[in-house]
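The next part holds the structures, each set out as C-alpha cells.
Across the two complexes that follow, chain A remains constant while its partner is chain B and subsequently chain C.
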Partner chain A sequence: MTAAAPSSLLRTLAPPAAIGLPVLALLIVLPQVIGVYQTQLLAYGLVMAVAALGFNLLLGYTGLLSFGHSAYFGLGAYTVAFLARDLGIHSMELYILIGLPVSALVSALLGYVCVRHTRIFFGILTLALSQVLWSLALKLFWVTGGTDGLRVPRPTLLAGTLNFAGSGGYPRFINSYYYYCLAVFVICVIVMWVIVHSPFGKALQAIRDNETRARFLGLRVRRFRWIAFLISGTVTALAGILWVPLNGLTTPEVLYWPFSGEIVFATILGGFRTFAGPLVGGIAFNYIKTYAVASTEYWQLLLGVVLVVMVMTLPSGIVGAVSTLAAKLRRKREA
Partner chain B sequence: MAILIIQTLNSLFYASVLFLIAAGLSLIFGVMRIVNLAHGNFYGVGAFVTAWLIGVAIALGVPTPWLFLLLPVGAAAVVLIGIVIEPLLLRPIYRRAEEYQLLVTFGLVLILEDLIKLIWGGLPLTADTLMDALPSIPIGGLIYPGYNLVVIGIGVVAALALWMVIYRTKFGVMLRATSQDRRMASALGLDVGRVYVLAFAIGCFMAGLGGAIIVPSQAAVLGMGIDALVLAFVVVVIGGLGSLKGALVGALIVSFVRTAGVQFFPEIELAVLYLIAAVVLLVKPTGLFGSTA
Partner chain C sequence: MALLRTEHLQKQFGNTRACDDVNFVVNQGEFLSLVGSNGAGKTTLVNLISAHLQPDSGQILFEGRDITRASVTERIKAGIARSFQIVNLFDGLSVFDNVALSVFSRDGKATRMAALAERDDAVAGEALEVLEQFGLADKRDTMAAGLAQGERKLLDVAVAYALRPKLLFLDEPTSGVSTRDKAQIMDTVSAVVRAGKVTAVVIEHDMDVVFRYSDRIVMMHEGAMLADGTPDEIRANKDVANILLGAPLSD
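Up next, the complex of A and B:
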C-alpha cells in the first residue's frame, strides 16, 4: 500500500500535468509575443475561466444548476469597489484578503437557503436571490452609484512593491496584472483539482449521480451541497475581485441575470462534464463575445445563435468534442 | 380616498399585464415542463409589433377606433413566431437535461432581443394615439385614463377565457391529460406534439397580448422583455409554477406590493418582491397554488 500510493498518485497526476504544464508555459510566454490589448483580453479570459471553474463545482460535480452566479461575481466586484472608495484601500492583496471572507460569508448565507431545493427550483431560487442584490445595486444609488456604477483605480500589487500611478502606467499595469491573474488562476485550478479529487469531491459526485443512494451511504447530502455552494460562490466572487481592477469600473450589469446566463454559457461551451471544460470555455467565451461585440452591433444575436447551435450539435462542449475526436482518431490508427 | 382608488386601479392595470405574461409562462411549464427564459421577449415582441402596426395604420389614415383591432393582431404575430420556435428549437430538447433547455431558451433571449433591435432600431416605439382616443374619467377630483380600464377589462376577459379553455373544453382535457402524464396521453391516442404546439401558441398569444395592451400607455423599449421576465418569475414562484389560479393571485400580489412599494419604499421596491418570492420558495416550494413539481 505504501509503495502503491505514490505511483497511483503519479498516475492520476501525470495526464493532466502532461496537458496542463505546456498550456501554462504557453500562457506565460504569450504576453511577450502579443500586444497589450491581446494581453488584456487574455486576462479577461482567465477571469471568466475562474468564474466558470467556481460555477462548475455546482453544475458539473454536484448536479445543481445555478442561474444566479452573477450575484457572487458582482459581490466580489462591489466589495472591492467599496474598499477602494470608502476605506481608501488600493492594495490588491488586501482586496483579496478582505473580499474572500466577505464573499464566503454571503455565499454561505444564500447557499444555506438555496440548497434546500434541487433541480429547477434551485435555479429559480438562486436567480431570485441574485436579483435582490441586483435591484439593491441599481436602486441604492447613493451607496452603489446606481447604473453609473463605481470606479476603481489601479491598485498596487505585491504589498505595494508594484505601483502603476502616473502616465504610462497602463501598459505596465496590464502586463503585471496579467501575471497576477495567471497566478491566481493557477492556484484556483490546483485547489479545485484537489477538491474534486478528494473524498469530499467524490461524495459530491455520488450525490449528483444518485442522491438516494448517497443518502443511504450515510452522506449528509444537504450539508455537502451547502459546502459546495460556499466554495463555488467564493471562487466565482474571487473572479469578480480580479475583474474589477482590470475593468476599472463595476456596474449593476454584472449582477443582472443575463450575466449569470453568460457564466452558464461559458461553462457549457467548454463542457461541464470535464474538469478543463469551464477553463477552456471561459477563455473561449471571452474571445467569442469580444469579437462579436467588435464586429457587429447585433452581437447578442450572434452569441444566441452560437449557443443554440452548440446545444443542438455539440452538447459536450469544446473539451468533450475534442476528446471524442481524439478517441476516434486513436481507434482508427489501431484498426 | 381618490388616491386609494387610483392606486388600486393602477395595481389592477399592472396585474392584468403581468397575469397575461405569467399565465403563459406557467401554462408552458405546466404542459411541457420547460422554463422558457425567452417568454419575456415574446411580450417585448408583441409590444413592438403592435406599436409598429399602429404607426403604419395611422400613416395610412385608418380611423382611430379601428386601431383597437390591431391589438390582437400584434399578439397573433407572436403566435407565428411561437409555432416556428416550438417544433424547430424546443422539440429536440424535451428529453434533454434541464441545463440544456434553459440554455436554448437563454439563446432565444439573446436572439429575439437583437432581432427587435435589427428590425425596429434601438429607439422606443409609442402608440399613445389609442390612449388619447379614450376619454379620461374623473375620480374624486382627479382624472384617470379610460384606456387603463380597458386593459383591466382585457385582463379579466383573458383570465376567464383561459379558465374556460382549460377546464371546460375538450382541448382543455387533452391539455391537462398531457400535462399530468405525457406518455399515458400519447398511449391513449392523443397527438401530444399538436397539444404542445397549441399550448405553446396560447402561451405566446397571452404574452404578445400583454405587450400589445401595454404599448399604448408605455413606449416599447429594448430590454423590456428581460425586465418583465424576472417579474413574471416572481409571479409564478409566488403562485406556483403551472397553476392558472396561482398566476392570477401572484400577479395581484406582485402588483399591489409594487404599487405600495413605489409609494412608500421606492428604493427597495424590487428587492422586496424578490425576497417575497424567495421566502415563498423556502416555505412552500410549489408556490401558493402549485401541485407537486
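Up next, the complex of A and C:
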C-alpha cells in the first residue's frame, strides 16, 4: 500500500458518494413527511429498483436481454410464501437467509441452460423457462393456491425484536418495513457497484462489447455469463422476497411474462447503460404504473405510449438524459 | 531455435484449400512477416495456430509441445496471443480498462468480484507501462470508441501485447490507416516487441513496410508456402515479384 492510496480510494468513491449520499438522506427523511400510503408506494419502488438492478447486470453489463426475470422475482416470493405456510416461519431474516441460497441454486440451474445461447435465443429461452414456472404455479393449485395465490402474514423484523401483530400494526409495519427495504436496497446497490467495478465486472463488459476478443484474452466467456446470470437472478429474487410481506400476497402474476416486461421497461426507462438507471427506473416505473392504473382502465395503453415516447426521445433513459444534460451545462459554464 | 512449428497443416473450406500442407516455422525472437495476396491463406494459418479454427489434419507444435487440440485459453496460457484484422476492442471500456483486462486475465484475477479493478496497484502499474510504451498513456481515460483509427490499431496491439505472450500474431496492424500513421504504428510496434523480446508474426500487405521491419519473410500463395527468406532473399525471388505484380508463376 503506497502513501497515496487513501486519497486515490477517496477519488474512486467521491463521485458516486456525491450523488448517492444526498439521495440516501432524502430517502431516509421522506417517510417522516409523506405519510403511510406514499411510504408504502416508495417501498414498492425500492423493491422494483432492486429487481431492475439485478436484471441490468445481464442487460447493461453482460449484453444479454432476459425476458424471463419474473421467474426469479416470483421464485423469491413463492419461497417466502412456502416458508410462511408450510414451515411456520415468520422472521424476515430467515426468509432472506433461506430464500437467497434457494434462488441462487435455481438461477444457477436455469442459467446454465440459458447461457448456452445469446441474443434472441437467450431471450426466448429465459421467457420459456419463466413460463414453465408460471404454469406450475397456476396448475399445481393444491401447492401454490393457483390464481388465488398464497397469503403471507406480516413477518417479524430483526430476529423478532419488531413485531407487528394486533391492531394498528399496519402503519407501524409499513414505517419499519420501508427502512428495512431501504437497508437491503443500499446493501444491494453497494454490492452491485463493487461487482461492476471489479475485474469480474470489467470482464463482463468486455464480453458484452466483443465476445471474440474476450475469448482471445483467455476469458472463459460462458462461465462469466453463467456467474452473471446467477448473481442477476439471485438479486431479482431478493426483490421478490422483499416484495411479498409488503404485498401480503403472492399470485402467479409475478411469474407471468408481462411482469418480466415490466422489469425490462423499468430498466430502459431509467437507462440500462448507466449504473443508476435501473434504480431510478424502478422507482419511477412504480409511480407511473400506480397512477396510470388509478387514472384509466387502459393503463397498459398509457404505459405503452410512455415507452414508445421514451425510446424515441430519450433512448438513454432518464439517467442517461440527465447526465448528458449535466455534461452540456458544465461545458457551457466552462466555455 | 524453433518456437513454433506446424507440420503438414491442412484446412479446407469446401473445395478451397486455405491451408495446404503447410510446414511453417517461427524462430525464437524474430520479427516475421507473413505476406501473400488476398485469399493466400495467411489469416487461416493464424486462425489455426490461435485455435480460432480447427485444422483438418496436421500438427502444431509450440516449444516442442503438441498443441493441435489445445483450447484458445490453453494456448493463451502457453503464450500465444493475437490481434485481429478488423479492430477488435471493448468500445464501452476505457483505454486503460482495455489493457488492464488483459493483465487481469493473464494473472488469473479476472474472476475477482470483491475488489475494485482500479485499486489493483500491480495491474494498474503494468497496464500504464504498456500504454506508455504504445504512446497511449495520455488517453487512458478515453473510451476506446472515442480513439482515432491509428490509435485504435495501436490499442488493439497493446491489448494482445499486455498478455505478455511469447509469440504474438498481428493480423494487418496497419490496414485502414494513412501512410504516415502506418510508419508510426510500425515503428512503435516493432520497438515495443523487440524491447520486450517477444517473437512476432505480422500479416502485412504493404511490401515497403514488410521489407523495412522484418527479420524474415514468408510468402503464401493459394494455401501453400511459396517462399521463405530474409528481406534480401525475398526481394531477389522471381516468383514473389511475379505474384506481387500479378504475373504468372515461373515453373
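The rule is simple: the second predicted complex is superposed on the first by the 330 of 335 C-alpha atoms of A that agree within 3 Å, B and C clash if a C-alpha of one lies under 4 Å from a C-alpha of the other, contacts with A are read in each partner's own complex, and residues count from 1 in each chain.
In this section, a contact is a pair of C-beta atoms (placed from the backbone, for glycine too) under 8 Å apart; a residue touches a chain by one contact, two chains touch by 3 or more.
Bear in mind the structure is a predicted one, so any value in this text is a computation, not a measurement.
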| task | For A:216, decide between first (touching chain B), second (touching chain C), both and neither. | result | second
| request: Have a look at where A:128 lands relative to chain B and chain C in the superposition and call it first, second, both or neither. | output: first
| task | In the three-chain superposition, say which chain, chain B or chain C, touches more residues of chain A. | result | B
| request: Pick one for A:112: touches chain B only (first), chain C only (second), both, or neither. | output: neither
| When the two structures are overlaid on chain A, which partner does A:291 contact: first (chain B), second (chain C), both, or neither? | neither
| Which partner does A:37 contact after superposing on A: first (chain B), second (chain C), both, neither? | neither
| In the superposed arrangement, does A:307 touch chain B (first), chain C (second), both or neither? | first
| field | Residues of chain A that lie at the interface with chain B and also at the interface with chain C | value | none
| query | Mind pulling up the chain A residues that touch chain B in the complex? | reply | 59, 65, 67, 113, 116-117, 119-121, 123-125, 127-129, 131-132, 135-136, 138-140, 257-258, 261, 264-265, 268, 272, 297-301, 303-308, 311-312, 315
| chain A-facing residues of chain B, complex | 35, 37, 89, 92-93, 96, 98-100, 102-104, 106-115, 117-118, 226, 230, 233-234, 237, 241, 266-271, 274-275, 277-278, 281-282, 285, 293
| said: Could you list, by residue number, the parts of chain A that touch chain C in their complex? | reply: 2, 5, 8-9, 12, 194-195, 197-203, 205-206, 208-210, 212-220, 224, 227
| Inside the complex, what are the residues of chain C that reach chain A? | 50, 52, 72-73, 76-77, 81-82, 84, 88-93, 97-98, 100-102, 104-106, 109-121, 123, 159-160, 163
